[in-house]
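Please find the structures below.
Here chain A shows up in two complexes: once beside chain B, once beside chain C.
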Partner chain A sequence: MDILSLKNVTAGYGTITVLNDLSLTLRAGEILTILGANGCGKSTVLKTAMGLTRVTGGALALGDKSITATPSHLRAAAGLGYVPQTRNVFQDMSVIDNLRMGGYLRPKQFEHDVEEVFALFPRVKERRRERAGNLSGGERRMLSIGLTLLLKPKVLLLDEPSSDLAPATVDIVFRAIQDIHTSLSIPILLVEQNVNKALEIANRVCVLVRGREALDAPAGEIDTRHLHDLFMDGGVRTS
Partner chain B sequence: MLDFAIYSITIIAVWSVLALSLNIQFGMTGLVNFGQILPFALGSYAAGISASLGYPWWIGALAGLIAAPLIALLVIMPAQRLAQDYWALITLGAAEIFRLTVLNAPALTGGADGLVVPRFIDPTLAMSVALAVLAVTFLLAQRISSSPYGRMLRVLREDEILASTLGRSPIRYQASVSVIAWMMAAAAGVTYAHITGYVAPSSFTVTETFIIWTAVILGGPGRNIGVIFGAAIIQLLGVSSRFVAQWIDLPPDLIANLRLASFGLVLVLMFLYRPQGLIPEAKQVHDAERN
Partner chain C sequence: MIQVLVNSIVYASEIAIIAVGVSLCYSILRFANFAHIQFAVVGGYLTYSFATIPGLALPLPLAMLASAVVTGLMAILIDILVFSRLRNTSAEGKMIVSWGVALFIRSIVAAIYGGSARVFDVPSSTIVVGDAVFTTLDVAIACATLVLMVALHLFLYRTRVGSGLRALASNQELAVTRGIPGDRLIRLMWFLSGSLAAIGGSLIAIQTRLQPSMDLVILLPIFAAVTIGGLNNVFGAVIGAVILSLAQNFLIWIDFGSLFFGDPWHIPTKFRDYVAVLALVLVLLLRSRSSAAAAKR
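The block that comes next holds the complex of A and B.
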């Protein structure tokens, strides 16, 4: 079943077009990873799904409902949970207040739901009275994922969860992502630079080249040499 | 001297209301309004026009309090599709459009000559009314600041996009806070018209908007008591410069310009050395400790 689909989407910022006629589908129960060189439009796919870009063509749907013209806050209410790469927590607020912001749409269930987040990230619980801006990069990433989970999303959109993290922390974060995926059975659209880590947990991989889909294959069938070519010269085999 | 004190307190009270109205927009919500003099002018002209048509004062007050939120929504309509930076341009433009319209519609507004408004004969009464308007505005601003609504405004100030991805509609909060703020400024405008007994376009220039800004930046954006303090300092600086003019015998227009230059200097110094203002906002983290 298709959970989130982009059909022939053209999108960008202002007058700049980043995604060109891109079609992409996230199916129930899978982790779909988007890979690609810098500037190919990986993050823009997530931002477009969340309604943060200017869409000039194509259609987006969540389940069987069109969300092409839906504003961001209603997409959140409809079940899209977006974790931005940067600026993903409210720095001047405490950790627990940040979590409350995530629980905005479900205030009554907050006390219960927040325990689930604490179970997933014990470190976040320990630091709950701290100002979010004082957290380490890894703690902040955990908090940003945690506060998005409080929305009880139907789909999780993760933008480079490994960026700027120490290798040990990357492991913790990826284990948590896998936990979320299996225990809460949420499909995940993951954008990553860390190809090896991403291939470990993904079911399917989509490679973007200059805002278009250049490859869509099960993670097990990915030939890393082919990936290298796609990253380097846009898929023109030179050998 | 007592008269001077009463006059100063009256003027400080009026400008404090304006500072509070900008504070809930900029200080709490992060909306850059470079035309906050517009609702003030709307209130003043509502009082002036209704007086010139022979209506009692409360009709003018009512008209001002109704016109301000309506115009606020009209001005915000184009802004909601644009990034925050454009709010500054749109509000700046709207205020100038209003001033130039008033200047060029003498039949209704008296044009450059302005309108005569019945004024408070007793300065103590004028001061009491101004202080009463300030008290109501301050209590309302404090109420907003400590409410869940105020907390949401601060969330938007910190990160509008993140807030919207968590299920909040930024424009609803931005529009509602603007409506409240513009009504505050309109109330100040009505009061001001009845205090000076006269409204004219020259009282509502861009310079006046930046005097409100200076008070907010000086006092402490986000802190209600701070911006009242800021407004008091700026206005006292303003009225006292007249004495300076008498003592050192400089031409009055030079003093007027020096006064504006000193406000500019205050802004620069504050941005450089104390951007949080003289009485800074209490940080949200402390709220969590209570829970």
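The block that comes next holds the complex of A and C.
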């Protein structure tokens, strides 16, 4: 079953077009990873799914409902959980207030739900009185994922959850993603630069080149040399 | 000395109530809204009308409440008609348009009420503490401000919707993708800042008098207070108002003449505004210094 689909979407910012006639589908139960060189439009795909870009063509659907014209806050209410790559916490608010904002739509369940996040990321619980701007990169990443889970999303959109993290923290974050995927059985659209990690976790991989889809294949069938060729114009780590 | 302190507190109260609205708006929409000053003027006139129109003649607190509600709705209307269409315009663009809106409101006020001054007829008795003389009205103004500021703080920090406003100010894209209804909360922000300005404007009008030119009198202290307090924090404006007011009143109170030359001489009262300008320049200089130092680090 298709959970989230983009059909022939053209989108960008202001007068700039970034995505060109892009079609992409996230199916039930899977982790779909989007790979691609820097600046090819991976983050823009997720922002477009959340209604943060200017869409000039095509259609988006969540399940069987069109969300092409739905404002961002209603997409969140409809079950899209989005973790941005940068600026993904409320810097000048406390960690606990960040979590509260993550659960803005479920205030009554907050006290219960937040314990689940604390169980997943004990470090976030330890730091709950801290200002989010004072957290380390890894703590901030955990908080950004945790506060998104408080929405009880039906779909998770993760933008480079491993970027700028120490290797040990990358492992923690990926284990958490795997955990979320299996325990909550929600499909995940994952943008990654770390190709090996991405291939390890993904069911299916889609490669973007300059705002268009250049490859869509099950993760097991991906030939890393072929990936290299697709990335010739952007330096992607395959190590 | 106590007298100067009392004067400072009353003046700071009036400025603070109006100034918080400027920072509230800035924190979310990132522009300095000069039309905000006119919200205060309109609020003053509406209070006057509600309190004096034959047949209505509301008691003053009720008149102020009605004025606050109407001015708040007016701020929302102006957003719908003007500012909401400029969300993606530069901050400078919005600021210039806000001047246009200010002039527009000003001419409407002048057309309806004319240029002559109006005075509120408020029963007020004098209180003497030591050698300081102040009125029950002064006390009421300071208390009203305190209550309003505490209420605003509780709203912003203790309620879900208030926290939503802070989230929106902190990171708009993150906020709306959490399901926080940005447009609705922006309207709420306009209502709050419009009605606070109306109350502040009414208090100033009650204490002095009502005139269309009142906007020019309060423009400088309000934007000086907002600048001194910093635009990052809504309550910075309150601190800015207190600092500014103390500086203005104490500099005028100090007998520089006796201090340096033996004959009593004070800075003339009309130089009050220059103190505000001086404070503004000092803050801007110090801040650019410290941000340059921070950039070096």
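The rule we apply is simple: the second predicted complex is superposed on the first by the 232 of 239 C-alpha atoms of A that agree within 3 Å, B and C clash if a C-alpha of one lies under 4 Å from a C-alpha of the other, contacts with A are read in each partner's own complex, and residues count from 1 in each chain.
In this section, a contact is a pair of C-beta atoms (placed from the backbone, for glycine too) under 8 Å apart; a residue touches a chain by one contact, two chains touch by 3 or more.
Keep in mind that what you see is a predicted model, and the values were worked out from it rather than measured.
Partners chain B and chain C clash in the overlay (superposition on chain A).
Applying the stated contact rule after C-alpha superposition, one finds that A:129 touches chain B and leaves chain C untouched.
By the touch criterion stated above, A:56 is placed in contact with neither chain B nor chain C.
Once the two complexes are laid over each other on the shared chain, residue contacts for A:94 go to chain B alone; chain C is not touched. In the superposed model, A:86 makes contact with neither chain B nor chain C. Applying the stated contact rule after C-alpha superposition, one finds that A:77 touches each of chain B and chain C. Common to the chain B and chain C interfaces on chain A are residues 50, 52, 71-77, 82, 84, 87-93, 97, 101-102, 104-105, 147, 151.
Those residues of chain A that touch chain B in the shared complex are 50, 52, 71-77, 82, 84, 87-97, 101-102, 104-105, 128-129, 131, 147-148, 151.
Residue ranges of chain A in contact with chain C, taken from their complex: 14, 50, 52, 71-77, 80, 82, 84, 87-93, 97, 100-102, 104-105, 107, 147, 151. Contacts from chain B toward chain A in the complex involve residues 154-155, 158-159, 161-170, 283-285, 287-289, 291.
Taken together, the chain C residues at the contact with chain A in this complex read 88, 160, 163-164, 166-167, 170-171, 173-183, 232.
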